[in-house]
Amino acid sequence: MLRQKLLPVLTIIAAIAVIWYGFTVYLNAPWQLDQYEKSATEWSMTDLVRDTMAHDRPVLPAPHQVVAEIWKTTVKKKVTSKRSLIYHSWITLSSTLLGFVMGTFTGMMLAIFIVENRAMDKSLMPWIIASQTIPILAIAPMIIVVLNAIGLSGLLPKALISTYLSFFPIAVGMVKGLRSPDPMLIDLMRTYNCSRWQLFITLRLPSSIPYLFTSMKIAIAISLVGAIVGELPTGAVAGLGARLLSGSYYGQTIQIWSALLTAATLAALLVIAVNIAAQITQRMMGAPK
Amino acid sequence: MTGLQKLLNAAAALCGFYALVDGFTTLSPALLLAAGLVVVCGMRLSPALAAALPVVIRPQLDLVISLIAACAVLAALQDGMVGAVWGIAIAAWLHGWLAVEKTMADDADATGFNWVVSLGVPLFFGFWLLFFWEALTIGLGIPTVLLPPPSMIGARLVTSTAILMADFQQTFLKAVLAGYAIGCGSAFVVAILVDRSNFLRRGFLPIGNFISALPIIGVAPIMVMWFGFDWQSKAAVVVVMTFFPMMVNTLSGLSAASAMERDLLDTYAAGYWQTLFKLQLPAAMPFIFNALKINSTLALIGAIVAEFFGTPIVGIGFRISTEVGRMNLDMVWAEIAVAALAGSASYGALSLLERRITFWHPSYRTK
Amino acid sequence: MVIKADKLNLDFETNDGVVHALRDLDLEIGAGEFVSLIGPSGCGKTTFLRVIADLETPTGGSIAVNGQPPEQARLARAYGYVFQAPALLSWRTIARNISLPLEIMGLSSGEQQERVERMINLVGLDGFGGKFPWQLSGGMQQRASIARALAFDADLLLMDEPFGALDEIVRDHLNEQLLQLWKKTGKTICFVTHSIPEAVYLSTKIVVMSPRPGRITDVITSDLPDDRPLDIRETPKFLEIAQRVREGLREGHADD
């Protein structure tokens, strides 16, 4: 079991690390060689490897540099400090969660309307799909400016971007789920002469739960993306997106990568949290473990 | 009429009545006519009339009334929206909804593809979306620097075609298409190679799934640093963004064929390539199209966002960020419309192709 | 000998212990025989067929197909296999499903077409060649799958409950057809069924199996004449053999 699942994953991760180190040396070497030439220093291969991994603003930082930077900006800094990654993560996380909750609610409501009313189905469904072809992430900055202008500022504008992104997978998945009961079971319920409402509560809703959770995993990941991009351009001062932007302004590649890696960790934690919630719910609904 | 239909009809009649009472002296003749029509139509609720004149419950009647009222409202927009006009606008919308409800009810038992229902109804909904956008922005006097009305955006689309085309070419035809093709293509090849080894598949699938959930778009500044300001760096972002969804989906798809189908090919002693082309790839098509569709929107987003981090002075993302700074929101929305149209067109084309190729899949089967 | 199994054993390792699917199976099937495997559900009939077809590797004993290990027989395309379910590819029409093995073996398209037509006619699916599997009833799908197995004309046919999903009339008809085909071509057929009358009607040899662990409890050689009209099923001789099969089955159940 462990060997079957973990070993391949670890192998690939190790391979990625090796390739990463390789690229670190390769990409940072030109500048380093230039340096050697200027100062006319003798150099050996080991020097080169060591020095390419110790740049302040490398083209590509080595993994351990990024990890050290994360360590420095999480554990070593006070949580309230403006340079603490935990502080920035919290800003991003709170708007992610707010957006996710609103998106899930919107998506579920839409799905219920769509399943229960054919006119809604035909009118809304194509537009729900079309809504995602608007590159919302790309216009997030503008939306935030506009929302600021009408007096909405702080958490909510960013959360609205996340909502816009996350309602979509929820709505689509939930529609699928609400329609998933076996037609035979629906016929069975008909023979009991049950009302639409009863059919919904006893059959449709429970069958949609697994679909809902699958969609929620996608939705929460994309909510995080929305929050980060929402922080990018507004001259926002806090959040992982702001770290990315200021890192790119000042060429602080290590800072960019550490923000990226923190975002990745955050995404993983969020998906795992949804997964646990899914397992608990399904256990309570009597699924075998 | 069903309960919901009666409710819609009654609500519309009430709105019309309110408009008549409130604006009898101030409203233009067209608006008065519209309000009158709505109120008269409300009388259909009396069973006697409905029985005597079956024609009055036709959906076409509601459609005509809603369109007349909507046109009257649009014509009156410039004079300012008073309470009465809002009443007519809402009545118009309710009648539109009523028309759709009735069309649906008529169509409920019909089988097969119905153009009116599948194309007309969504377009009709889109019309109302634009209608209320227009009515709200102009009627409430929302400053155009916040949200320009659709008419203004439409005018922009017509007058600034040259700029829009240049931006479209830079962002879509160069960055998006190149990145999309390279990203999806290489992921497809990698997935096929990885699928040959159980060990690699077990490693790549969870990692690919994980990376797909990450905010990959964050690599945009790095790519701009590495590949320069022109479209190549945007294409690189698109490659990275589209690669993982495609790889993960293709990998899952390649193992989608059932055990029995694999056994069948085994009994023919079919070779690797034969199994790949005759069984695995056809069975993987629904998964592959899923990724292609997801990626079509991701690619657009990736290219536009990457332009925020540096670009030559052309491109959708560039235009959006500069025109926002100049408060030219109509231009910004025109760019958004171009992007959305390109996105919807790609998505639609992929969906059609998917329908053609995976016609056998349970979600498309026709009896 | 077409098939020779010697002390054949197969255990499945599962999460909750080992399943003895086959235990010490000894069986010989000669060329041109029609052998039925009959036994209660889960006694290992499918597993045995899959071992012959090299889809499963035995954990003990030996098995030879045409005097070769099963793998070589498979690579030599020595047999046609009809699965318990139709297993038709849903993106291919019925005709293209039937031609699938022919494509893989690299036959010319003219020959493919000719054979496909013949097979479609044989199983009575004329006019359905252009339809897709999901547009056919379950029984029709199974007939298409039989046609596919017959299409490439192997000397050995392995059939896993091919007629299980068919109605009585069609089943009788196909039984007759299968018998004629067998007589005409002299193929060796290994046939799994749940139906005693079907087993007795078709076979020259009936192998009775019992479950947990899967083993052979009785091998009955039928001395019914080669020429078998359907009403042979009312003759005393037929009933006598059927009785013996039934007793064999009951015995297997007794030690549960």
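Lettered A, B and C in written order, each chain numbered from 1.
Definition applied: a residue touches a chain if its C-beta (ideal position, glycine included) is under 8 Å from a C-beta of that chain, and two chains touch if they have at least 3 such contacts.
What you see is a predicted model; the values in this text were computed from it and never measured.
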Contact graph of the chains (line, ring, star, complete, other): line
Chain whose mean Cα position lies farthest from subunit B: C
Mean-CA-position distance for subunit C and subunit B (Å): 53
Where subunit A and subunit B are represented by their mean Cα positions, the distance between them in whole Å: 23
List of subunit A residues in touch with subunit B within their complex: 4-5, 7-9, 11-13, 59, 118-119, 122-127, 129-130, 132-139, 141-142, 145-146, 149-150, 217-218, 221, 224-225, 228-229, 232-233, 244-245, 247-248, 251, 253, 256-257, 259-260, 263-264, 267-268, 271
Residues of subunit B that touch subunit A when the two form their complex: 97, 100-101, 104, 108, 117-118, 121-122, 124-126, 129, 145-147, 199-204, 206-207, 210, 213-215, 217-219, 221-222, 224-226, 296-297, 300-301, 304-305, 308-309, 316-317, 320-321, 324, 329, 332, 336, 339-340, 343-344, 346-347
List of subunit B residues in touch with subunit C within their complex: 258, 260-261, 263-270, 274, 278-279, 282-283, 285, 358-362, 365, 367
In the complex with subunit B, residue positions of subunit C that touch it: 50, 53-55, 74-77, 79-81, 83, 85, 87, 89-91, 100-101, 103-105, 132, 134-135
